[in-house]
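Once you scroll down, you'll see the structures, which are given as structure tokens.
First chain A sits with chain B, and in the next complex the same chain sits with chain C.
For the complex of A and B:
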């Protein structure tokens, strides 16, 4: 642990006044954007499921912030994580609150420019900026952060944030498929368990861990149910589903499961009534690539679903959405060591992040994309990359080759954390959707 | 007393078989897919009783040898996973280990592969010894029937090695361990006694027998299905799927859909005999003579339709979205 007086390694000394001014300007925009995005989502689907109201509320940060603050007063700890490789079951088992703290604020990324060059991934710059002006409530409330060293930007992000909060780094091996990798990762899981225990003061015993795993499995079940409903004709707008997925990152897990199940019940009723949200011949689009984080970085899904001709997002392969919860922890024996092993494997092996490599060229991700295309009946793929996200950008060529072979159009959409390019992106997305609808007509 | 037990056992076999039949039909309808482990226990228990019952027939040796040689042609090592009584004993020990929450140990993959090949050697050695004995002490004239008799029931009785794991806990013949008229045995113990009697005195023979029981007990406590890794009976069964020309023969096999697989590694971790092929192989038919077809991997795979147990081209049972928190301990 670092003492407060220690000199900051990265963060500039900002005067209180300056921080206050910046925060005010950005917070105002942020609140406006949240309201605007929700408004747009409501407008896009006149007959929006009632169960979505809950997710609208929880998408507004203020409410959950209040809850977490109250829990903190009672002595609960909050542990933030910056990547889905962080084992949330362990946090839950130690009776702490897991929150994902990646930032989606466009304006904050400009603040991050003061510390790191603009070539760096804007999500990371934005997270730095958010920390500088205390913008993200979850980042502020975190007692510690788990930083998984997946890509270069993430590696340094943890270092920069450690100026403010204790950061626990987890080394993720770049080759999944080897005995030494899983050994290293399992050791990392054990180390992080010890750190969580030390911070919270609760020992993680078999019983708590089992219950945490089962709670997460229940959430996965609800989560998969929602994604499975999207396999048929569109019954929910893609943005709505993405918002549901995304709220999992900070919501209370049990309540989230309950509400998602309620949403699925409602959607199932709609399926039986054949009450679709848009014409069934709307091009079915999947997004893959860099994570998109609520609230600001919502422009691509908005563009796709409000374009003319309209598209519908029925699936995505984003680590901020459908990859969050799709894979369960599969426990063979409920002894603590086996549970830890199972958690370790789930958070390493099941991930299809491009930060991994293998001799067959990250075949896992390719296979998973193909399965999604087949099962969700995808007609076109948008490969979304923010500038600075090397790994996703570099893997594009490989993905395109495979998708071309399977006769699936794929469109490379590169952008930044900015609102300025919405106009020209609209033209690009509409041209792509035009082409997709033409293909469907034929 | 024995007659009464026999009658009870007959009833148990009948009702057990009927129950197993019903359960198999349910599995066919994919309703009970979550309870494969339970079903396996049931089938194993019923088979154990059935095998006991089989032993009461005078020609049981012949029947069992036919069963061991013919059945696996069609079901492969399904026999090992679901029928063999020794496997049931080991699984029961595993259950004990699970309840006391002790972690199993893994054998290094290389050792596992070595043991896997060693069993063919063991199998051959036991077949060669009677011939060698015959050659060491040759009769005055060469006699084929005499050699055959040596092989089948000579002093060395090599068929015992094949039947060994099928000895259930309670046996219908007189044995050294009896509690109120019921005779107990343990797989291979009789053979161990038989072979060590040639050299050692009675006391040492008893000690050896108990050491054998103790070793297999402790072994299967720490290593899941330890005997299956080098069981010579398994070798005789697996010979069928080991050679290319015979791969069509087994009706049952595990099938993998490569595209559905995210390589999450669950299949590899849950496998009681540490088969890595299900994880490593790209897809299609998974044929390995190490696999006992216990279908634990199919049961635990969380991706729908990724792993399947196929019987002559028809899917019997497939992996599914199992996310009801598993009740299986």
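For the complex of A and C:
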């Protein structure tokens, strides 16, 4: 008989057979979707950078899964996380592997419906569904999960996943710029460090932490170089850049940095040859809103770049893409306490997640959006929200007011984790792009 | 064995398919003959224009096959004119089935086309267009040239659309063309039904009928709920005068008068489409044919 503590709080007991069947069905669909998405991306740019081949390969989870499995055999630990506020430097410093575990599988969200109502954010429902049938290699390989309590759905997701894996919750203060918030958050950082040390058996000393920070700083440099290249005439398709950004969530950090630098070298050559991926008068679009997770949730960038008239994604403000790595950890003194404070600051202050508010509301996000619009020369913004994503949905009203004042067209595109509404979304996206093209024609 | 003869079912939802030609106009001496084909989820419309002036149009039900519906609508618009597809310099496809218009040179969304078409039908003062289609509603803002400046679209369900009205026509056994007037035959406006979802509203309506409500009252309650939904979409996009309604539901006086009341605004008067006026249902096809002319001219220049 099972003891009380082993009883699952949320998850049902599924038969081995059912799990097996469901996993096979969803994996088959997913592999087809990945292949299709990459095929479309290849077609979109006839002269696609050679360096993209690497990212196509790593986009297939199987390869990285193999590597992580091998590393685990040698005793390495894997620490998964759901929100960007998880301090990956500490994971790296303890010689463990950080990996983000949010789910992009559409079909898995329908399984999540068995546990939580359909009104809940589909990304969270999908992550629950993925766990039910052991679909995500990264979620399965995680020895522990860091659950940062950003939005309501994320808070409960951590609780649900704790039916299987140890989950370490981190309380993130909703008002980020007060002295007591920073104190609390720094305590959370220290506590998570202790958890990581206990799991891995490795003490995080100054030397390891410095090296980990330097590694992410290098990654940030490569990452920024890529985004900066997108400020000019379009030299890379938005989907390609987005895929590069996303793969950071599961790839080996040093290899990712190296491959991204190689891609940037190639892109720089193209800039000097004025070799653009589409006509330079193609409307320049930015996406902001709910995260979009590979492999299934690729419909919006695909719709924008395959629309008639075509648009080009030159920037986004998504925590699944350009918010991942833009801000480096800024260290003054390489003492362990200073480094920890710098990490704390980077994961709190730099975030523009709508879970935050302050005297001026989430002004950091508004300012960052306006900066991006100016620096990346954005002509239209798509505000993407999945139903159930309360915070992004609510903050739209303010963002729209600001963008209206700045004469930047914005379109609110709401959807679900489904392929069924692609036709209807296509009409909306195309009408928005027609509107932008007409503005550009003037 | 004897069989009970099947009774011919009256199809209350079926609206009149028709076509019109301004036969006093001549196409033979015209330079640019263009067409717009608007394949919607419920109706397919085609319009022929001579140098940017309306010449003829056809309106029919969309079948299960979009390319086929597009072809039929276009032939319907050309019927009796002597025109052949080869005479058309440029064709633009629009509507839900726009990519499935085989003879089209280009596809443009119905959002851009309805704004352009409304500008043609009512003139440059139009700023807000509500297009009530078969399966969705769109609220569109445009400038004095008919160019879209912003828009909103309802989500994918058929609530508050032409298709919903067809379901109700059938349920209440009232011919679709009379449904608007019928819904106004109530002494006092009943509260709206609580849910505009076609499936649920049907159940709710049956409950009301059983409770002893008259058909008119049930219809009024449903139309009221649809009008609120459409009015809210307009409020979200922002109402700016002049305001017009296009699409099949523009002919439903029950909807139009309730929206006017809710928004406290008068729509620009509907052209007398039964006589010599233009049909607001073909606004999308007209817009498409106008874009076709502009695109043809652009092509000739380059």
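List of remarks:
Throughout what follows, the second predicted complex is superposed on the first by the 437 of 442 C-alpha atoms of A that agree within 3 Å, B and C clash if a C-alpha of one lies under 4 Å from a C-alpha of the other, contacts with A are read in each partner's own complex, and residues count from 1 in each chain.
The working rule: contacts are C-beta pairs under 8 Å (C-beta built on N, C-alpha and C of every residue); 3 or more make two chains touch, one makes a residue touch a chain.
What you are looking at is a predicted structure, and each value in this text was computed from that prediction instead of being measured.
By the touch criterion stated above, A:367 is placed in contact with chain B alone, chain C being left untouched.
In the superposed model, A:421 lies in contact with chain C only, and not with chain B.
By the touch criterion defined above, A:334 reaches chain B but does not reach chain C. Of the two partner chains placed by the overlay, neither chain B nor chain C lies in contact with A:57. In the overlay built on the shared chain, the residue A:21 is in contact with neither chain B nor chain C.
Contacts of A:435 after superposition on the shared chain: chain C is touched, whereas chain B is not.
Considering which of chain B and chain C touches more of chain A, the answer is B. Against chain A, in their complex, chain C makes its touches with residues 96, 106-112, 136, 147-153, 155-156. Contact residues on chain A toward chain B in their complex (touch as defined above): 176-177, 179, 182, 206, 214, 217-218, 220-221, 224, 327-328, 330-338, 341-342, 345-346, 349-350, 352, 364, 367-368, 370-371, 374. On chain A, the positions that touch chain C within their shared complex are 308, 409, 412, 414, 420-421, 423-424, 427-428, 430-432, 434-435, 438. Chain B makes touch with chain A in their complex at residues 98, 101-104, 109, 258-266, 269-270, 296, 300-302, 321-326, 329.
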